[in-house]
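Below is the structure I would like to discuss, written out as structure tokens.
Order of writing sets the labels: A, B, C and D. Residues in every chain begin at 1.
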């Protein structure tokens, strides 16, 4: 149980290091008969790939996915879907200088502590490059969810202290993909972009928040007790590199409210049962209630900065290290499709799990 | 995969409804040879039980745990440990009035949507009463962790807008158990207590935050990619009733920082590698680095209030409902041992998983 | 992952030692809405219990099952079903003499090698008494399968060298429960009974074979590759105490056949596709084909004999040991319901797993 | 849970169809620091590959494995090991004639029943070609086991009615690889070879038995109850294409013995505890006892024969079908390394699982 798998029924297993031969995975448990739109899947990968704008790392990685099994005549067959994305633009020489050095706030030291060794090139398995497998698999999950009328949208709602103060209901989601930072408010987007440009100029980095919401989720998804729907969503988000926090519905702000303020009165919406407000974030008792699901995910600033930092090496000697190569000053823009992908994987899993709730 | 299990190697499976015959579970994967201090386990349950102070529900549940297997001559045998806690003070008649009504912000509606039926008495499986099994199992996990020098402490750091502004390093953990709200600052504790007394008097409820930290965790626990240590901690916390958010280390506040501010420089502490600050919260790349692990968990206000609320019944008709019986105006005091228990379960699991990292 | 769980979707977790407080388990993943016939479940346990005839151990264990959760108003609620069977007639003093001795062909030595200790009383966890939990859970699985028209029947087809040479198609299954050895041929049954009486008189034991078949299994159950339906059935049978072999369909005899003899021609049976013969045992490529599933399970003779045997003790000294107490001279009669229960657990699991094969 | 994974701690996930782009998999949970001998792994694949002798299919598949991750500077890193074997000599046109036809004793019909569709080319996922991934992963497991002194050997002990009547202790294992049928007795091997040549000439096929044994297995591997070591071995064998039966130790023959004959007396072997005979097959109570583990696996005759057979097509119409292309008249020779590989996967898994048995 080495942590390279997620999901119980719609499962993803992944492999791959940043500078190894390839990143890839297996999507297992996808039902037979799903039409696979390869162009769509590639377009999702393109939303994540480096070099797509001036805001992100300028590494050139085409990130072309190759499917190896499980699809026949354009449809899933029900068998496991293997896929690979070759690593093609790796410059391992860029990492020779950190071979023996523990970079601050990276996983260099902890991997050594755990495994007694590590593939230091580009962070190896700890590199955010592994998320390419998540996005490829998440795109298949999205296709499956779409069949049930479920759509997922994420956007950048905060960069440093630049914060979009509107709720997801007040924004125009169609604007998200129109700007490099993926914020659906063009004015705020512009401020975010300037902030990122500035930190990059300073050789520094900055964090932020991504908001995500899912519509069309039927009531009844999620399991009681440990696999509550929001618990699985939270784990999925927290498993993304650089994530430090997760909240859904009223979240941390909800703690200040009284029950009489926070409670969601049930009302009829047409002939459907819904809630007057949706402070529950679409989930009650760990199970979806048919309202929109929404949550926020916090990303810390990228650890690799173009500044000299104090640290120690493998021998425990004090040394300095300075970032080299091509890195993201802010992960938020590229993390938007990753958040969506992880959301899709969790919802697809629970959609299938839900099929056995009743006799 | 119905969500009643947690952990990969040190596992807990649970069962039980609020007003059924018993709550219980199986602890599986506990190594042989661990001395079981039954009095300690019961004392942990007593920290969770109703009626322990004037701040919490006045239901009288002795919550006595009976172990049925897996322990012989005072030690674990390596086989699965079954246990039960009988339900003894249930007043099911208190719930007859909600038999057909969906209480706002409860799980009544979602259970019906999922299963087509529900045990309405006291919320059934969705009742926080199921956490009694978590605390019993967590106490065993704590005994195991203690053998490795790992200690876990949680405390109430916020109730409504009353917030303890100190970090976990600045408090005196020994004060936590000296007051009914389990806040280690006596002045703040007094304010919190008054706040809870007030909302109770109003027939209302209030939320809050619990801070938790673990000391003595060796470097190297946690798995890359999906089962990052903080991802498993986050899921464990989010699986607790009423939890809406989780953050570790710098958390949501960290998003505003620059990489140059946020990064944790490695330094030597004696002959151990440590970090100058611990914004990483003791976890880097999903793996513990030997520093303290700390995180915060947000609880919404309890849904059951002693006020009339609008809602609908099973037929979709608008009705009103009012809470009856004996309920907590604030779950925080009783949730402290639950947070600790879930933390212990996750750490014990990863402690064992870590044994196979190297040949 | 300590081996106390079986099934992926319809799951059983068990606990309990022979001379501990109780044996029990949790059935997880049973869909909501299944009517639970408690009398039927108890009748299944009665088929397994000691003392039911002169052929089996004369221990008096009422083996009354108590359900603790997951059932409300006579139906499953979809939540986990906890249950216990108290140990009531244990005479632990009977085992004092083997406290330090490794009984031949028992698990005493291997438990010590694995765990460094063991509960020696009655074999502890290694006692076949743990199968009481399997039968209780299997009875629930049978109720679920019955809803889909699936029935399971097992019978004793061999005791020592007394062998029922007919196929399952040639016997009258209704005769199985009419005799103490559970063989559906009364003449052969009588010979088996005499054989068992003789070995018991000699203070000895004897093995045998149980044949099992399932009717009404729809085509399409089972998973390709590792979780083939017969692989899961085989594992389930091999997990029963004393089992040494498993074969399905043509089994070991099939190896002598040529493909042209062995192949099952497809034919139409009404408007259903079936096979002319059923050498495949109802499973092709690991997936059920709609024909009857049938298989045979081999049980070795019980290890506890009333004769003096050479062995060693914990210190490695040569000693002798002699069985005491009340033991089965032949497990076959009581193993029939166990084989059925394990079959039911596997089929119920695959029945549910099959619900997600198609979109 | 779609059956494409095996193992709890040392895990293999596989993908791939016979005529898809590639077969491959992920080995997860292999500890860090294991030296990977790529030439050895390829040599194991070569033992399985088509065209290696005149006895097996003359298809030309180089079956070259490419590792994509998890290995750095010749050693495992502890992260997941992705690998692919490209399909290169597929002649899909050979299968056009069975597109709509259910071949007798193949998985054509059951896949359609389960998934509503199938990749008919070469059997798709149901083809024994998937075992190439098992052998690649099994070779890594063998390298890990070798570090603990565990060796695994299998050989063909029966083809049709030609049976090697010696036990594994009486053969010279070094002769196994000296002949095309992999039987360690050269006289019997010659008879087996003639038998296979004859059935091939007749356009027919034949089954057989493979015996396997493992030496150097320490006492203490295996889990009580459901994951008994022999139950996991049995499942692993039964998951191999064409397998119909499994028995270990005394197996089906043991049922005729009395307890007094069958019991394995414990004796001292040097300062190790062992047994006088080893009818237990090295496993007692599901846990290894330090003696050799041995078992037998039965393979039915290959379903594809070069003769006209009656069957039905997708519309349910009676049609005839005749095998085409290049097929094995007997799978035994190529199945020997597959049996070894599956044994290695199970033992490696339990070797790691055993690390957490004691505190």
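Note that a contact is a pair of C-beta atoms (placed from the backbone, for glycine too) under 8 Å apart; a residue touches a chain by one contact, two chains touch by 3 or more.
It should be emphasised that the depicted structure is a prediction, and the values quoted were computed from it without experimental measurement.
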{"item": "Chain pair with more C-beta contacts, A-C versus A-B", "value": "A-B"}
{"item": "Farthest-lying chain, centroid of Cα atoms versus that of chain B", "value": "D"}
{"item": "Distance from chain C to chain A - Cα centre to Cα centre, in angstrom", "value": "46"}
{"item": "Distance from chain C to chain B - Cα centre to Cα centre, in angstrom", "value": "39"}
{"item": "Chain centre separation (chain A, chain B; CA means) in Å", "value": "26"}
{"item": "Sites on chain B at which at least two other chains make contact", "value": "1-2, 4-5, 8-9, 14, 29, 32-33, 78-79, 114-116, 125, 224, 357-358"}
{"item": "Graph class of chain-chain contacts, one of line, ring, star, complete, other", "value": "complete"}
{"item": "Contact set on chain B toward chain A in their complex", "value": "1-6, 8-9, 14, 102, 104-107, 109-111, 113-116, 125-126, 130, 158, 160-161, 199, 202, 204-209, 218-228, 230-232, 234-236, 238-239, 241, 244-252, 254-268, 271, 273, 275-276, 279-281, 283-290, 298-305, 307, 309-312, 316, 318, 353-354, 357-358"}
{"item": "Contacting residues of chain A [partner chain D, same complex]", "value": "1-2, 4-5, 8-9, 11, 13-17, 20-26, 28-29, 32-33, 66-70, 72, 75, 77-82, 84, 114-119, 124-125"}
{"item": "Residues on chain C engaged by chain A in the complex (per definition of touch)", "value": "1, 9, 29, 31-34, 76, 78-79, 144, 147, 224, 352, 355-359"}
